[in-house]
């Protein structure tokens, strides 16, 4: 970075990229130590295999701990134009359900949900 | 700047610590880990003092004076705390003062007396140790008596530079030792004795002094080391038979209480059985003992005869860099004034 | 048999490994701890000869290196098990019964906290909080975390690692 | 010492031991300080902690190298080349103190002339020290505000010893480092009272206080003071004395507290002389190798058994107190001398050492202000001309003792003896921590003996491998003058081609081998370089 | 596609979130911590650009002073003042250090930040470096946080690639480089001087102050050390302005604080609240109260340096000063909640055991004193306590607190002192009545009793008892010899009819009343 303008341009660039991404379905998985200890890695692998098998183009994002350690592992599902929904205490099996039920069919998996995130 | 200690108005210079100012003025603040040659360690906490306007006591060895400071060094609450400290040290100490060779010259013992420690209230487990270390001809190391003042470790590192000894483990398991408990010789110990000189307890003891005499029976005499040219001032500790039991130091001199192996442990030659004790005269290739009269006469006769017969320059003398100034003066005067020659030299160059 | 084995281990101590590690560092004392960490990762512990090598390289005394190695709980001067079982003793784990988990592990493996099994398979060490308090009580076996444990889970976990 | 006296007007340590700690750069050369002067080494290490730079020049990897910022490993006997190289760079890179040179010194032109050709590359060839290290060292020393040079016998015990010292003096004056606190040129004295023995005229050319015997005024002064006629002819030095015995010119020899059989070069030659001399009296505290040859041996009292003074390396006159009674019938040396003088027709009646000091103060201006009362608590550093003078912490402040400091640059001359086919190794000699000189004292200390009981000659791994020698093996070391046996230690302290022995042990007496070739001025033998052969025995 | 969002609570409705105020944690859980772009998109490095192009170092320091930010690592020293000291110290070289050696048991706030938003810490450090005049920084992080180390390493590399670290940042002429130092397992390295010793490659033993790190720190150069969360707050203060930061929190403790909620609480996790929020709000609001509907007994706040507060202190607003007054401490922000089944003597013992084994061993009071305190607590929890022990414990605690060299020792007695202050009755119960009210201390546990109404005489318990204190024959009612029972509990799970009950249960549950009466009868008899 040699100037402020350079940073501002980069910021704009990135922001528009993120906006574009928002037009796609996203899975956001908590990958802090608490999440990983609770099995987030297995969930991530399961999600990725599942997405591949179903040939779904979904952005999988990793993020840090949101604070709800008790409910880890946490996965959020965000469909374009819709509210981001957090699921918690997931097993690998649960994670697959998120894909089949919420991602593909738009049905919130009520027994796993923690909360929705209103922007 | 001016400050007050125990009600006395005192003069001090900036950068001095409370302890330094107190010592300069003859105020005795207890301390175990302090040494003027070392960076203050602040470990033993014995030198805590109260400063007016400061809530908790501070250590006098680490606190610099400031103008107008009002210090108390011996309040009832400080005494109480120091007593606890001494008890804590004694609780983890091999208390065998009745037979300890350090008794009478032991700071821990002195402070126990000063703060009236009759019974230790906090008896419990003691730090495990690996036996008394006797791995060299000069001194022993007895961790059971170590109170971890760290002076030995710091001297070894900060003054000697070798850092042959160090701490092992941490917390309650901390011990002073060598790497993997190797013998001192194997880790470059120079046997300078700095650690032994400053050990406040019986944890480091000169072997020559073990089971020889109580400290109060020893006579101390100051002397100058006869080895190299530094001129270290030393104290000979002499027993009733004029035997040198150990060599100690005090800090106000060229060597600042420091020694090397020769000065600290190598002066016992004085009492060697091998010393010459009588004049000897050689007859038919063998020496026999003689009286001073006879020996001196013989020397005088021969030197006089040769001088008279061949002139003074037929005689010569080697004076000595081991003898005193006065003796060297007399030797050259002897050769010049009595023998009439300038052929006097010594091994300055060797 | 044991002594023969030990001799054998000593003979096999390969000092070229530590020498290679040392080459990557400037000869400054600030590198001592990183060097010890890397060295321990390589040897599994810090053998005496290796520490001597480190001391000579950095130009600091052997006893100083030893002092540092014995100060930090991460460093070990004795060989350790292939699987290190870290039992979290943090507050959260403590109140949720970590001590019972530790007891169970000690009983199952027949070693004390800090000890290593004779076959060099397992080492148990109790550690301060590993920060997975939400899963208390927690143990880690090498990099795997096992949480929300009861003593009954212990044998099963050990079995996964070849017990 | 002669070198320093010539350059500055005094041969002693210019500064105090305490001042070492305040230096910004310390250059140690020809001094194995940690073993020979451990307490001074503490000050050097402290200076390092205080941020001083340390340069060590030594052919051996002595312990001090561990603390050094820079180690110059010159080949033995190439000191002048190395020093000239440093001066070359200092002149070239303009690190001179020009004002100082102009105001306080003379003969600077000679320096410029000689240094011209000693460029780092050339010097590197002679000394084996990389050219860039020479430049680095010159800058380290030259850029320091206060730079101190410490040296010992590694500099003086060469045929070029005096020139070595003259060159050191040049280096210090070039950068204005003499006459300044915490700087200076500081020869470290080997024996506890070498300084005093010199000060008090135990030298063939000067009376006490460095007053020349061939100076008419001086001669008159002493004749009057002592009430006798005095010779104005310079006497014989140690080595000349032994030559004199061989030539039958010297017939009676008085040895007080010395052991030339072990301490002097070419021991076999010394032994022959002692056999030959008509009358030999030896006065010592132990039977020594030298005393074995004596006609009469007189038992002397040790340091602990008498009053007196010693003058340490920093010129401090210190009071020595009697602590115990003399052992057996031994007597202090001064009492013995007095009795002898009186037997030879004189009338000396000193009742105490203190009275002798009063006489010294009267005849020797530099000790003019010394009295036992004044030094009871703490010593005084000479020059101390009168009883009100506080002593002198460092010399040449404002002005050199001789007025202007004199540059006496020297050319490099190789050592007198070089390795060849028959004697392919270079032997250099020195001291060990646990022993002292000829072990008269340390050899009678059981602890020191136990710790270090025999010589271990140092040899490099490369040489040892070639000869298939291992640690602890015994070897036969021979030179043109003799041969001795020694155990060896294989070590990286010495480079290939160099071996090191101490001269402490009669069984492995290094001085059987050493070369008695003398420095022409100071008459110091070349202990530090001789050619030897080594065979496994 | 239509989702069915009705009746799904939003985050703002969750107890856990509704009273939080997420500033430092704002990005955690939202951005990809391994992507510098994500951080930049969320206004990352804007504060740095502002500082380097528009502000003088003194202005930065003034802004931080103005914000009222105090050290989040525990001490609560005003950050701006600390920076001022380091700025004022003369020296050609200065260092800025991030203390990420989060070692308090039960605390993981810093880990959350380091793993979730590493760039915010970097940005805070670079700003701090600029402010005090340092061109080099160290992040000292405990080796037990491998993921955080990995993310920091990535963040540093990314920042270097983008020119946010290195030479001439934002064309300002300011240079700055950062290095990570992984700790090696020593809690005491969380103490500033111990930490610096450790970076230097020494044993991590604290040194006395003065000299303060601001004047003589790392390698004797002026150095400034702040905690992770402190640095994370810096970009916010610069970006949003000191005034808006100061609006949050209380008069003397501005801004927010992140707490780690653990223990016997419903919602464990990380929560960030405004300073001044009450403990009750955090524990019963955000934390959702006590697990399994048990009774609250105490909350341990501030780790081993802190203290245990009872229910009467639940309405205490959390800020630096009121906590200290109450005998606890903000510490780094660990909150461990204890229910009725906790033993406060055991808790004190637990913390003391921790500091005792983490003492560096340098100063006498900490090395020896904590050991003796631990021995006394061990005695008490084992039922061997004497009445004088409480007095000895107090004497030692006071001495260790007053005499220790560093913060670790000075605060080590806090858990003991605070439990003695609020729960002295529990100590007395242990000593005088041989009882552990929390039912934790093994030696003081009431033994087991067999419900004669249920017992079927199967002898399983007789077989299970390792010390043979159960009497009885097949098909006759069994009985446990209460005197000798050591409460090991081996018999309880073996009973097929749940007839074996812990003796103290009979007081609490009506179905065992018949056993109680009998007991009393015995006593009367």
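Which chain is which? They are A, B, C, D and E, in the order written, and residues in each are numbered from 1.
Throughout what follows, a contact is a pair of C-beta atoms (placed from the backbone, for glycine too) under 8 Å apart; a residue touches a chain by one contact, two chains touch by 3 or more.
Just so it is clear, the model here is predicted, and its values are computed rather than measured.
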Task: Given subunit B and subunit E, the chains that contact each of them - done: C
Open item on the list: In terms of touching chains, how many steps apart are subunit A and subunit C, taking the shortest path?
Closed with: 1
TODO: Work out the mean Cα position per chain and let me know which chain is farthest from subunit E.
DONE: D
Open item on the list: Suppose chain centres are the mean of their C-alpha atoms. Which chain sits farthest from subunit C?
Closed with: D
TODO: Please state whether C-E or B-D has more C-beta contact pairs across its interface.
DONE: B-D
Task: subunit A and subunit E: spacing of chain centres that average the CA atoms, whole Å - done: 30
- [ ] Calculate how many whole Å lie between the centre of subunit B and the centre of subunit C, each centre taken as the average of the chain's C-alpha atoms.
- [x] 44
Task: Separation of subunit A from subunit D, taking each centre as the mean of its C-alpha atoms, in whole Å - done: 82
Task: subunit A residues counted as touching two or more neighbouring chains - done: 33-34, 36, 69-70
TODO: Going through subunit D residue by residue, note those that touch at least 2 other chains and give them in order.
DONE: 66
- [ ] Return the residues of subunit E touching two or more other chains; collapse runs of consecutive numbers into ranges.
- [x] 108, 111, 145, 186, 203, 268-269, 358, 360
TODO: Write out all the pairs of touching chains, ordered by chain label.
DONE: A-C, A-E, B-C, B-D, B-E, C-E
TODO: Name, in rising order, each residue of subunit A that touches subunit E in their complex.
DONE: 1-4, 7, 10-11, 14-15, 17-18, 30, 32-34, 36, 61-71, 79, 82-83, 85-86, 102, 105-108, 110, 113-118
Task: In the complex, subunit C residues that touch subunit E - done: 28-34, 36-37, 67-68, 71-75, 89-92, 94-96, 127-131, 133-134, 136
TODO: Mind listing the subunit E positions that touch subunit A in their complex?
DONE: 1-5, 8-14, 16-17, 20, 25, 27-34, 37-38, 40-41, 43, 45-46, 49, 53, 108, 111-112, 115-117, 145, 147-148, 162-164, 168-171, 266-272
Open item on the list: For a test of understanding, state which residues of subunit E touch subunit B in their complex under the given definition.
Closed with: 186, 188, 203, 207-210, 356-365, 367-372, 375, 392, 395-396, 399, 402-405
Task: For the subunit A and subunit C complex, residues of the former touching the latter - done: 33-34, 36-38, 69-70, 72
